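What follows is subunit A paired twice: with subunit B in the first complex and subunit C in the second.
What follows is the complex of A and B.
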């Protein structure tokens, strides 16, 4: 007996050929999904696989372009979150929409019928939270609560509407392991009551532990529907990241030089409740190497970039070393002066000031590191506009930046062209160390290949390049070494040649250092 | 009537306009809107209330005129900041300057005229209680309204669902919008409530405090009311306490002079502000208190469909 042979009318919710187009881009492409009463159903997939788009359609946030949603066998149209709730679907979002200044009961009351008194809501919430093992004090202010407790409010708020299907979007991404265990107990209880749960995750371990069935998405399509317990992590990972191997253009050079960038036991505590703490990160990038760090977003990539670039210096000077010198405590300018270049993830407002022309953006980034070239008059720091304009022109030509006019505001360029300029701004200095976070995020294919080529060329010329990316195709195109970041921990770096997507998928799913043995076990 | 009673009576009269303007601004700010135009709305209310009283001969029509005028004047602020999303601080300052100017124009014909004082309403039985009776139960209508408003606003904010929604908007207008609460509509109402209260406070000045029209007669009370809201950390009960404290301080300079105590009057008139600064330091020292009482989206414009 397999899932597909089960009678369709048994399903609580079925989705048939559900498609969502954004322009010509299909975020969800003919998705089929079936959730039975009383099961915990996993929705697995990488970032951008279409998980969020799918559940947003199920919860009435987005309208499907085509396809059908069936609730207990009847076709339904879910026009709004309110309609979804009335149908019997509840959702717990990854990022909570709670009011910090209000109490737990008040927060819950705002999403319920205004005729129910606050005292009654507080009482019901207290009873319900006790029954489901989610202890909450209705009178506590949200501002005083931990992230885990805040999630409980969202869950209790959802449960008070008595839903038959509860959608949880990456619920454990903000929880401690202990809090996660508690959540799993709650989910088991919900299941025992006959409620269904749609559990969105990319963590294979969790999915195997608690889910009855799984649907795997990749590039907006279903790549597998299975019983996760009958699968191995390796086979799940293969469905998640795809098994075909991209054409790897060998970026590696023969002569590997000395270590130019190094991190030793780099630890960073989480700055905000939604940030990831970095745990004992160790990495080395030699001259001529491109180290690519793969991983699902939110596993510590931006925190790692911040620590390596010096945007947020760390306490240990020797935790980060550039060209053999300890720079952990130094800021970004000091590190730039040592020949390092940095390209952050966010183009607008981080890598560039959208309202200022390209030339001003160039001066802002490089006035310290190339002071003699761009500034005149000693301490007066008068901008040499002729030199700056020339450099702007040179960078634009080198990277093929298409723009209107000679020196337009950065914000008027398309994402791809601005990204080319920002990468070019750093490459123009011939940095000996370049750290790039998501170099081609949201960039069109032409610009992306231009940027990737530039990164490979820089490494060939003898620099050390570190690329943080979620795009596996990109990683295989540029990398000589590949490591994976997961929950703030970095796997050892493996040579790109011997690396498979499957192995990366396993590492992304949290099987640290166990990749080989699992694979070996599976082979037998 | 003893000296203590007489002094306390003047304190009540001085505190009432502060309490009124502050409780109105408190509701506005709880919804997340910072209206610095209290002074302007107050002086407009004072001018219109005086003029209407002179024309009709009835101070009650004057009170009504003050309230309506304050609400309408605040509607201008609402339109600029909520619909056109203008900067709230700049618009509020402009409202104050505009109000001072227009009120001078309106009040011009009435300068030097003796006004009609709003007569006290004696509440039977209670008024005969010694000491408390003359102080609290032989007062004018505006005093009674001010006390009722404090109680009413407290009940509204902390015991009604509409008040909960208002606080939710002030805390996070994005989340409130996502829950289907009408952010802009609620803020319009909150701004107009603040305007009406400031107008009423102005009416108290020109009908009770000093029943005549003098240009700039609000004399910075709108600013004290604004400081009072922060001083009270956005809680109605503390507005009442703070209003009477500030009222007592501001009136004490007159009594100090009468009693021949040589404290410079400038020092005493600066005291409310000094007190506010001290309180601000104490409040911001405790992050939790700040987080729970300060409307987090205060002064931030809300643009839906972002």
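What follows is the complex of A and C.
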């Protein structure tokens, strides 16, 4: 308890028992945190650990349910980002809020006092950016700038308000290694001036390199406060992913059949600045297997799903194979016709259209694969709503989907019930290959176990199941094989029985255990 | 203090149905105020604007004539907007269809054949579709904003028509007026019933509206339009292509606007002249929204907007007010329709300084 006993006067910001409830779910549960002047403090944790909720409360975006925030020993109420700025807290968000059509100076001016002239802002920004090694041309249009340069605008914009505490949310997730190095130099300068930095990351390597202290969150609670340099990556990883031993269940049958899903050297370039490129992904899923892919969000999971589902086909036909046939260049409909089923991560607006009734959302995924049952009139394609409603009822019953009314809009269902329907929609076809991204993301415990059981049962019946998930408990519950995705690269698959949380945590944090692989990743 | 729009938990079914009528009522009230400010008696002005045209066979035919292009264009636009493609250039496609459809009767002036009329209609549709293909291509392959491109093409079409009738297509017997020769009788759309001028164009409009309603209601294509309009990503997941939808929706609305153009020229004007439309292509946007983007609703909305044209002409004559009155009424109507629709989904909240919307993010 030495950290808590530390005299209040020398902490710049301290947080006591801060709690945020969303309904009955505690995103942050009694968080204690202390940031001293002139330190770089790391906030570590997996996705969903509560890091973002915590900093949103510190920056006045969310109001805490209970608990206290002390600034220089005095209790403060931070009601809005404006209040946070006036207090002396600045924040650089992970996703930038910049107007592409405006210049750098204009973008900066938007967040400042409207009375200050643009010329003055441009001048100050130029001086500031030079001093901190963040070269920026105030007259440049944002649209022409790289992601790293855009981040500099956000940092300069924050620095112009002369904050004593700067919060950086996953700043390197969008940077090249070279840009990241530059950022670290800037952070060192800020630290030398006596400013504090709260640095949010899940990359252990960086945290060990630049941070003085670290607070680790897991499931909304603090699981450790330490000096990252005194820790090993393994011990940090353990704090991040938890040390309890899971009840590992070998899910599939032992008798493994033929290969049903295969990716061979699957390469996909990043479509947007925020996307991750996939590099040489190789995976195989046999009949009866559940391959689970673990990894921290944003490491290429959705890109992998898009490539495997055929929503964005790839250039090489043999990069993706279903039931031994090359399907890389084929679209999602062709892959469905070969017996594959897909469950994307986002329920609203991807797996389902929230404004349309469940029956329409059934047609959404199965209009082509079940053409004979659901459509009539040949080329006219008249939807047979009687058959569709019947199937909707069957799926709802099979998956215990609780809904109001016979055929309510998908958006009116709770997350768990809609997810059960979306998974059930695919299971109802008995797919021989099922690819699921985050099957139980934001789903209540009861629905989650039902969905996981259904995935296991499908594999037992001889299908190949690929589960992409950030939830390690889930992975240990369903997987027969486990692989980890990191920065668009996939580790080899290991049998689930031999895997430990620690090993997964290390693979997640980017420690492949192979030096040359790391270098290759940083060489681009 | 600032004003915020806050999303309502659910839309009231009652108000969804009532909304167009409330909008119409508000338009009438605002119109009455406008007449009063112009120094006219609002009651009698509104009477001659909205009621008198309905009491006379001649003006009923005029309403049908004006409703035909509004409905034809409006149903195409309704489907197009449902798919989240925003074709604003129907006026240009209307003109393009009129020009393309007039090639045969103008250049082969002496050709008398029962084939002439169907060919004109088909060519009109092709003309409108080709003209809509330009913004479709730009959007599908260059990621250009179709609102801007389709709108800008309107002015090009208008000027091209102007040049045609003053230059190469000017009638040799027209005393140098900028008009083409009158179409031969075989090139004129026949009248619908013997009591007046209303022509087959009105029948085309009703048939098109019913067919598109059936498509939207019962077929996979209609489902595809709805899904892609609400969520492109979900459409991609379903295996639908938003790029193909751009082409489909733009070509469909262009073809219908083109058909409206040639039907208007052939049925009501019987020749080409510099101005062939009192803004049908733009008014049809109001029609599409007033009809709630539902093809059957568009029929009703089209008839109503046609009434504003005829009523506008009536008050112009009887009360000697400006012909801009029609435009004002149409603008008021669109304004009230859109605001009523917005208020079904959102409520207005006035936020006073000091209070913050902290949990709004969730």
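By our rule, the second predicted complex is superposed on the first by the 503 of 524 C-alpha atoms of A that agree within 3 Å, B and C clash if a C-alpha of one lies under 4 Å from a C-alpha of the other, contacts with A are read in each partner's own complex, and residues count from 1 in each chain.
Convention: a residue touches a chain if its C-beta (ideal position, glycine included) is under 8 Å from a C-beta of that chain, and two chains touch if they have at least 3 such contacts.
In this text, all values refer to a predicted model and were calculated from it rather than measured experimentally.
For the composite obtained by superposing both complexes on subunit A, the positions of subunit B and subunit C are in clash. Contact with subunit C, but none with subunit B, is seen for A:336 once the two complexes are overlaid on the shared chain.
By the touch criterion defined above, A:408 lies against neither subunit B nor subunit C after alignment on the C-alpha atoms of chain A. Of the two partner chains placed around the shared chain by superposition, subunit C is the only one that A:382 touches, whereas subunit B remains out of contact.
Of the two partner chains, subunit C is the only one that A:356 touches; subunit B does not reach it.
Looking at the shared chain after the overlay, A:492 reaches neither subunit B nor subunit C. Contacts of A:109 after superposition: subunit B is touched, whereas subunit C is not reached. Put subunit B and subunit C next to each other and count what each touches on subunit A; the higher total goes to C.
For subunit B, the stretch among 1-9, 19-27 or 91-99 that collides with subunit C in the superposed model is 91-99.
For subunit A in complex with subunit C, the residues that touch the partner chain are 22, 56, 60-63, 79-80, 309, 311, 331-333, 336, 342, 344, 346, 349-353, 355-356, 360, 363-365, 367-368, 375, 377, 380-383.
Within the complex, the subunit A residues that touch subunit B are 82, 97-102, 106, 109-111, 114, 118, 141, 143-144. Taken in their complex, subunit C has these residues touching subunit A: 218-221, 223, 226-227, 230-231, 233-234, 236-239, 356, 358-359, 361-362. Taken together, the subunit B residues at the contact with subunit A in this complex read 159, 161, 164-165, 167-168, 170-172, 174-176, 178-181, 288, 291-296.
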